[in-house]
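Residue numbering begins at 1 within each chain, and the chains themselves are lettered A, B, C and D in the order written.
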Amino acid sequence: MSEQKPTGGRTREEMARRLAQDIPDGAYVNLGIGIPELVAKFVPVGREFIYHTENGLLGMGPSPEPGTGDPELINAGKRQVTAIPGAAFFHHADSFAMIRGGHLDLCVLGALQVSQNGDLANWSTGATDAIPAVGGAMDLVAGVKSIYVITQHCTRNGEPKLVELCTFPLTGRGVVHRIYTDLAVIQITPAGFQVLELSPGVDFNQVQERTGAPLSPMADPPGVPKMT
Amino acid sequence: MINKQVASAAEAVADLFDGATIMIGGFGEAGSPIELIHALIDQGARNLTAVNNNTGSGEVGLAALIKAGRVSRMICSYPRTANSTEFPKLYHRGAIQLDLVPQGTLAERIRAGGAGIPAFYTPTSLDTPLEKGKERRTINGRDYVLEYGLTADFAIIKGRVADTYGNVVYNMTARNFSPLMAMAGKITIVQAAEVVAPGGLDPEVIVTPGIFVNRVVEITHPAHESTLVAAGESYP
Amino acid sequence: MINKQVASAAEAVADLFDGATIMIGGFGEAGSPIELIHALIDQGARNLTAVNNNTGSGEVGLAALIKAGRVSRMICSYPRTANSTEFPKLYHRGAIQLDLVPQGTLAERIRAGGAGIPAFYTPTSLDTPLEKGKERRTINGRDYVLEYGLTADFAIIKGRVADTYGNVVYNMTARNFSPLMAMAGKITIVQAAEVVAPGGLDPEVIVTPGIFVNRVVEITHPAHESTLVAAGESYP
Amino acid sequence: MSEQKPTGGRTREEMARRLAQDIPDGAYVNLGIGIPELVAKFVPVGREFIYHTENGLLGMGPSPEPGTGDPELINAGKRQVTAIPGAAFFHHADSFAMIRGGHLDLCVLGALQVSQNGDLANWSTGATDAIPAVGGAMDLVAGVKSIYVITQHCTRNGEPKLVELCTFPLTGRGVVHRIYTDLAVIQITPAGFQVLELSPGVDFNQVQERTGAPLSPMADPPGVPKMT
């Protein structure tokens, strides 16, 4: 059903670039596996973010040049990475103390479903033949100050991922603050989904049609991000 | 005098027993004590409960231990890794149990076990299927679940350098669960690429103090799991 | 770009407020951030709850803060040290409250506060007067008491070297409570004898990662409490 | 009442030496403040002990040579010490993880009172005008595998310290395994105090007279210490 996709929607890289614009200077950020990893490619000019990977590194740098990686310097997705000057290594209890203790400013995660009250489902479709695997997702949503989801607005089958109620098993209840999709930037508010911004060439009705719950239109344009 | 060094991986794991709970260091291949795991396969202990973040890959290391049918129960946060084929086979035919634990809760339960903390509260897993069976409690207006400390009969881990007192330092993100497992194992066994005399490590940089370590074995050139898998190796 | 270094101890503590809870690193004089404490005396915040293993000695550092009447409550394991004269004076005339906490429980409560663990069980203090008011629970046949995590509005600590990202290493037994307090303070302020650029510290040996630190001030030749006390100094 | 003291009683140093003979080779040992500190002076030939001090050092060595000490290298009694080759520094949470987690083999403590079931009182006389101070004593008795008490058999006023029931506030209940006094070595057993050994020149009745609870005589002589 990809032919239904509005022509003006953002690509994955554009989604990542857009999200990066909303990260305040100096933020400590954890990036989930998949589209979230792309965010690291788009640090706005004049800002510096420090990336945390929950397997024990603060100050994660980009992928190593081919042939220079080390199988013992990896990220949470088990891909080889580098460490920036000023990085620190630590064990898992300290790493999750950073997460659970509220020391990280932002976590960017993928999603299977997000409900209008901010419930997130991103670890299991509940299929009985699948092997359940959760990793650090439940710790991240329980502990990090802000949770941003980055995801295609709909599944490959055209089903909405933004829904009234999640039907997949939850990662956490009421944990998502904001959603960046190919079509829009959407805030979770006490009144449900609110559009903060439409992707270029996309109109409100197109987004509403592809969303499983009511959307409120944009109120004020979002300002410059600041550390909360 | 105190000297925790043993001559071989085989000697280090000789007293592992059927039914033991064994913590195995590593996150993916980083920090996986492959040579100790292979010695354990040779040693033959069965019906093990294994604690590791993952379930290994290919047919070496932890995956080979699972393939050999030695593990009856995995305590694990993410059993679904690239090249993880052995665990799924056994899981789908009901030949291995899985206790799925969120990664940070797993780390904290191991630390708690090693630190003499029998139980603690955490917000992780609240309102999810993994809350099932856990006690819930409201503290200062927020809900938490009760989690229990985790200990093991043995912990096998990989360090970069150890001294003969059992002090250990690690290599980058290969540190991960190992310092916690060292605390939680009744018998903790370390393979290190280099074993030095006491004083060979700066006391300011030691990550695992020797009190948590029972045996040290020098494995000068430890294999990397991904290299073995890429070469199509299987153990034994 | 990120640079947590501030120009002076005075600037570092400028926003401390009346009624704040403040964790102060150190075990006896080892690790006591004397220059930050003195800046805090000059700054003037009152009605503080102070968390420290002891109560200072002589009329400098923590003892001077107590003498100045700024501390209304001490959370502490051992308020009775050699040369500790100011706390006893205020305590005996009812001018300061004391919450006595066993040393290991104090350390674990601070760590828990910093790690997002709201409460945990421990065997320490069971069947003693310090069990009073605590919930008791039997886990696996042994009794434990419930203890709560402890956080603070500010933590002021002393390191040996810090970088401008806030990574810190310590000096020998001056490490003690400081890495824990760094985790538990909403605003954590570090005085270090040397402040270096990012990359100036080996990432393998950093004890406190910069995420736990908000401000760093270089105090190149920190005073030792015992030297000041022996010289009969008093602050201000 | 010191004239009542049996002439054959051990001095403090002899008590410490006697206790050290019962520490197995390779033991991790925490020594309390006071007489317990003397134990470190008497390592039997052929044995090696590693001393833990709860303020964050494993591998504590002897006092520094005059003029070579560092005020940031101290023990739990806040006295300057040294670190042996192979020592390690760590923070308080790790230090008390060693204690609470049962990793230390032995802790040697002083006492105000010990009861026949092993209750220990060593931190407070309960005097209302005293400032209470507990330090790590309650953690040590709750966590260390074996607790040995080293103390004069009686107070300076001749009152027994070994009693039926402690009248001072407890440090822990049923925690003491063995007591080394100037007069005897006494084990806590399910049947109460049992004399393991009398000090040279001291007889059983002299010890019983100075003890506030019944003593069982020695059964078998203690063997060579082994790590349990």
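Assume contacts are C-beta pairs under 8 Å (C-beta built on N, C-alpha and C of every residue); 3 or more make two chains touch, one makes a residue touch a chain.
Treat the numbers as computed from the prediction; the structure is a model and nothing was measured.
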| item | value |
| --- | --- |
| Co-neighbours of chain D and chain B - touch as defined | C |
| More contacts between chains, C-D or A-C | C-D |
| Chain B and chain C: spacing of chain centres that average the CA atoms, whole Å | 34 |
| For chain A paired with chain D, centre-to-centre distance based on mean C-alpha positions, whole Å | 56 |
| Whole-Å gap between the CA centroids of chain C and chain D | 30 |
| Touching two or more other chains - residues of chain A | 83, 89-90, 93, 96, 99-100, 142-143 |
| Residues of chain C touching at least two other chains | 108, 111, 115-117, 122-123, 170, 172, 203-204 |
| Interchain pairs in contact, sorted by label | A-B, A-C, B-C, B-D, C-D |
| Contacting residues of chain D [partner chain C, same complex] | 53-57, 70-74, 78, 83, 89-93, 95-96, 99-100, 124, 129, 131-139, 142-143, 169-173 |
| Complex contacts: residues of chain A adjacent to chain C | 25-26, 28, 48, 50, 52, 58-59, 83-90, 93-94, 96-104, 142-143 |
| Touch list for chain B against partner chain A, complex | 27-31, 77-82, 87-88, 91-92, 98, 100, 102-108, 110-111, 122-130, 170-180, 207, 224-227 |
| Residues of chain C that touch chain A when the two form their complex | 1-2, 111, 113-117, 163-165, 167, 183, 197-199, 201, 203-204, 206, 209-212 |
| Chain C - residues contacting chain B, complex | 108, 112, 115-123, 137, 139-140, 142, 144, 148, 169-170, 172, 202-205 |
